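Letters A, B, C, D and E mark the chains in the order given here, with residues in each chain numbered from 1 onward.
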Amino acid sequence: MIRLAGVSRTFTSRDGDVEALRDVALEIAESQFVAVVGRSGCGKSTLLRLIAGLLAPTGGAVTIDGAPVSRPRPDVVLMHQLPALLPWRTALGNVMLPVEIRRLPRAEYRARAADLLDAVGLTGFHQRHPYELSGGMQQRVALCRALIQRPRVLLMDEPFSALDALTREELATQLQAMHMSAPATTVFVTHSIPEAVLLADRVVVLSSRPGQVRRVVDVHLPRPRSFGHNAYTAQAAECAAELHELL
Amino acid sequence: MPPVLGVAGTVAVWWGGTRVFGIRPLFLPAPPDIVAAFRAQPGYLLREAGATLTVTVAGFALAVVAGLLVAVTLTAWRTMERAALPVLVGLNSVPKVAVSPLLVVWLGFGSRPKIVLVLLICVFPIVVATMAGLTSTPAELGELGRSLSATGWQTYVKLRLPWALPQVFTGLKVAVSLAVIGAVVAEISQPGDGLGAVIVLSGMSFDTPLAFAAIALLALLSTTLFYLVVALERLLVPWSRAISG
Amino acid sequence: GADETPDGGSPPQDKVTYLTAFGAVGRDAFAWVAQEKGWFRDAGIDVTIQLGAATGENLKVLAAGRAQFANLDLTGAWILAGKGEYPDVRAIAAIHQQTLVSIVSLEGGGVTTPKDLEGRQVGAATGSVNQLLFPAYAKLAGIDPTKVTWVNAPPAQLPALLAGGRVDALSTFLIGAKGLSKAAGGKPTVVLPYSQYLPELFGNGLIAPLAITRDNPDLARRFRDAALKGLQYTLEHPEEAAQIMKKAQPAVDVAAAVGEITLMAPYVKPSGVIDRGRVTAAIATLEKSALIPPGLTPDSVVDFALAPAS
Amino acid sequence: MPPVLGVAGTVAVWWGGTRVFGIRPLFLPAPPDIVAAFRAQPGYLLREAGATLTVTVAGFALAVVAGLLVAVTLTAWRTMERAALPVLVGLNSVPKVAVSPLLVVWLGFGSRPKIVLVLLICVFPIVVATMAGLTSTPAELGELGRSLSATGWQTYVKLRLPWALPQVFTGLKVAVSLAVIGAVVAEISQPGDGLGAVIVLSGMSFDTPLAFAAIALLALLSTTLFYLVVALERLLVPWSRAISG
Amino acid sequence: MIRLAGVSRTFTSRDGDVEALRDVALEIAESQFVAVVGRSGCGKSTLLRLIAGLLAPTGGAVTIDGAPVSRPRPDVVLMHQLPALLPWRTALGNVMLPVEIRRLPRAEYRARAADLLDAVGLTGFHQRHPYELSGGMQQRVALCRALIQRPRVLLMDEPFSALDALTREELATQLQAMHMSAPATTVFVTHSIPEAVLLADRVVVLSSRPGQVRRVVDVHLPRPRSFGHNAYTAQAAECAAELHELL
């Protein structure tokens, strides 16, 4: 379980301080899927970096399973807002990076990496280098790199921002399927309310800078959900409208 | 084509200069004198060039290994850098001519003291450039490594060193030129063999064209080694040109 | 021992390293001659010839045990000995009976007598014996040494300085005069040897550490004799000696080497004799010129048991 | 603190070494001998250090200007690079001892030939490092410049040079160390004044402690200049550390 | 007027060719606002780079006002998919870069730059460096840098991809206002169909790789349009549905 207790984070520099997060309290249960929405610059990425142990809070405490997070943990995976691919590795090589670092069996994971790349629509680009890929393709490689690790905690920072609506929907649906079959505790930053409603058990709405938890909206829709026209559309639309209102 | 033109141009300027200003061969012999000096004993000159090449390459190879190790050590432990780098910079400024007799006293005659001198002269640029490269990993890649809980060793092998390679090669290019200079300095101070010995011995018998034939061979040697390093760079870091423009 | 083995196998050899005085020029040719003619081998010595540098560097290498014999400037070595440096080396033969240090200038440059040096610039190897001896020379030649400006430079640069007109004269070994004249485009040179006023000083000589002269005098004797045999042959066949040296060191210029050998011949006694009286006189001169403190004895610089007596 | 420890450690090892191995002061004097040599004539040594510093800084300054100009020229015109770089590499390998007499004959005695020698010795790393920096502009910034129809000059001033600065500083750090070495080499070959002259003259009179006192001052000089360059880098390119991690 | 006649672009590398665009024919009238939509990797960015003169077509020809585009033109501005900010300049300094390069009067444009930064919600961050800004804030700085140039032709590559829904809508509305008051010929790549419908006169739908023009949909809605509930919602929804269908 992830717990944020009164977490604040201020960035200090010569030009003055920026208070990115103020007094954020949040509990995320095991296997829960939490979406985080909020305006640009409100501290969403900062929040993920705090949970990932890449930044230390300037106030309050972040704990996972009761242990304070003081450094990155191997069971927590962060998908960064930028693709952050290694230019000297191919798409497949980039996806294999965590496998090599964690010393997992290469042959087995190689097949899995290839499957993941195919699943996100990168068939034929496994052996290409990042600079030969479009922005959205790079983001999908980064997504595969995060997913191959099967972590207990998955932190995703706008993972679909560079993708077209259709690919987004496909991948969100795949992500939902993955979460249903092998649920990881997930914190998912997104700018898309429909996406949040599709995927999340709870949606955390952050206020503008300094980011504070304005509201946590529970999404009580049965899974699997879909974007299309179905029985729950009305309920989903209501939920989306509420969120829109809040932002 | 341009390289040929460049060299031809240089030779022309030099030749013209010796003509127009009537520079005596003692100071700067004209190209034909040098060609004649080379053709008088090509076997000898090439043999000595071989000796210089051996010393250069051996010392350079050692310097690459030592330089990379030192750079990794200094960037991995900040305290280490603060303690050892000033010492390194200071030691590097000790004139090699002062060290050279000491090396003979410790290591005897032959190629060992020469190789050590080459190492001492050319290791510094490798250390400085590699350190610069290793500390220039983009923040997001550094964060990636940390978030993957990579060990220090893995961070270096998988992220920092590959990223640093283009800058390491800057160091290598400077170092390989210095290695040739180092070999010559060693050979001048201990003129058993090598092109440096040719330069100092022919200087003693006032045979300036022979000295300049040796210098021309040195220039050739140095240029060849430099472009070998450039070729290696193209081979090992093709991505670096792809991501810059 | 140099016992001949009857079945044609080579006799047991003492391995030694020998340092020349100044790279590979005419004055050092004799070592290669002795080597080439097999005289070292016949004496049961396996000699490796290394090119030496300045007196001090050669002494350092000897002191460190990296070489067993060296050819170097005895006057320079004795000045050091007088200062207490390198007490454990001894001369075992003289190559040049008199110092070859001279003032060399180009004809037409206005320097024909020592007196002409006043108010001029003279180039010399940095800190060399040439400069140290000059006050003694000046006093005897009747000129004021303070009116001469010295220009320090590495030996290799000196010819260029003279030929380029940056100095009026050089202080070098007179045997380099031929080469200087060649370097200056054939202009003849004017040579003023120090030995004219300082006849008691020695030039180059063979020198060995105490570890050899005291503990292995037989080896020293065998080496000395083979080397002197080479010296004699060199004086008799300058051309061949130069060719032999060139074979070992192809950078050598035969004409320059022959010139040196011819020029130095008058100053050489093939016997390599070191006369005790001359040594005493030389030390006295050095003391008188305040180059060394009093107290240096001939026996502390020369092994008279090894040095040829006549 | 760590720098002090580093230096202290080095001195301790050295001192211990001279003790344990009984190294004679002639080869390697112990620290107290050197301190004594310094205290015997501090004024003289500091004056000579000043002379060396002047030559070093003047030559280095010239090398910075020349190196940047050459690097910009070579990267701006590809043909130029292909024609001139091989020549430059070759010339750089010409032993400076061969050049030194020419310089004295042309420029006379005094500091001018020394400054030129420093320039010749330390310009190459600046050229190589700056060229590497100038050609490493990220593709998207290069594209930005082109899409803004920036002139060649503007591309350099606004984009390429600022981006190259961290790598230029790699070159400067190597070059400033070489500049000190160059000044010493020049002073050794033409020992009018400077620490190089102290080294060669005291070497001639076998005053090894004095020579090592001069060497210690040189090390100090070199380290100070190196860290001045480092400080300048921190001042001019704070962003470089901010975007790497 | 921008005209693409049978434009193809293939990227060649050791690992084989990638055909990014095939036989694209398109005419964009003066002052027209054209949105380009298509799946990730279909060649949208390539298309913009071709028009901007940063890439040469491997087949066909691109002309602006009848002149073939062989190099970047000063009256054409491209906003890149990545922010591509200079790390050594502040936000304001980055916005001023084109002004300095074009040698426009600095003082006057400085005020305009500050206004633009304020308009996109970056008040208080003018003097911050890019590495102190969040992803969306960086993108907004890049947007200001493009807008300050008042070009005749404006090419925008997913300018709002890193922004939250609300900021997106605000900025799209502002862009519409700017286009109405001083229309530039605009090519606008987006993944958001509502955005395309809000802004564009025509929406170009590209097929998957190799990108070909599948359909050009004209949007005949009067301006100003808005995202909210208004008279044209039904019409707009219809248009959006059609586009969704096409993708």
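In the analysis below, a residue touches a chain if its C-beta (ideal position, glycine included) is under 8 Å from a C-beta of that chain, and two chains touch if they have at least 3 such contacts.
These figures come from a predicted structure and were not determined experimentally.
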Subunit E and subunit C - chains in contact with each | D
Touch-network distance, subunit B to subunit E, counted in steps | 2
Name the chain pair with more contacting C-beta pairs, choosing from B-C and A-B.
-> B-C
What whole-number Å value describes the gap between the mean CA coordinates of subunit C and subunit D?
-> 38
Could you state the distance in Å from the CA-based centre of subunit A to that of subunit E?
-> 27
CA centroid of subunit A to CA centroid of subunit D, Å | 50
Subunit B and subunit D have mean C-alpha positions lying a whole-number Å distance apart equal to 15
Contacts with two or more other chains occur in subunit C at residues 60, 64, 156, 160, 164
Can you list the residues of subunit B that touch 2 or more other chains?
-> 27, 105, 138-139, 143, 240, 242-243
Could you say which residues in subunit E touch two or more other chains, in rising order?
-> 82, 131
Pairwise, the chains that touch are A-B, A-E, B-C, B-D, C-D, D-E
Interface residues, subunit C side, partner subunit B - complex | 17, 22-25, 48, 50-51, 53, 57, 60-61, 64, 66, 155-156, 159-160, 163-164, 179-180, 182-185, 249-253, 256-257
List of subunit A residues in touch with subunit B within their complex = 49, 52-54, 71-74, 76-78, 80, 82, 84, 86-88, 97-98, 100-102, 129, 131
Within the complex, subunit C is touched by subunit B residues 24, 26-27, 41, 44, 101, 104-105, 108-109, 189-192, 197-198, 200-207, 210
Complex contact set, residues of subunit B against subunit A = 138, 140-141, 143-144, 146-150, 154, 158-159, 162, 237, 239-240, 242-243
Would you tell me which residues of subunit B are touching subunit D in their complex?
-> 2-3, 5-7, 9-10, 27-28, 79-80, 82-87, 89-98, 102, 105, 124-125, 128-129, 132, 135-139, 142-143, 166-167, 169-171, 173-174, 177, 180-181, 184-185, 188, 196, 199, 211-212, 215, 218-223, 226-227, 240-245
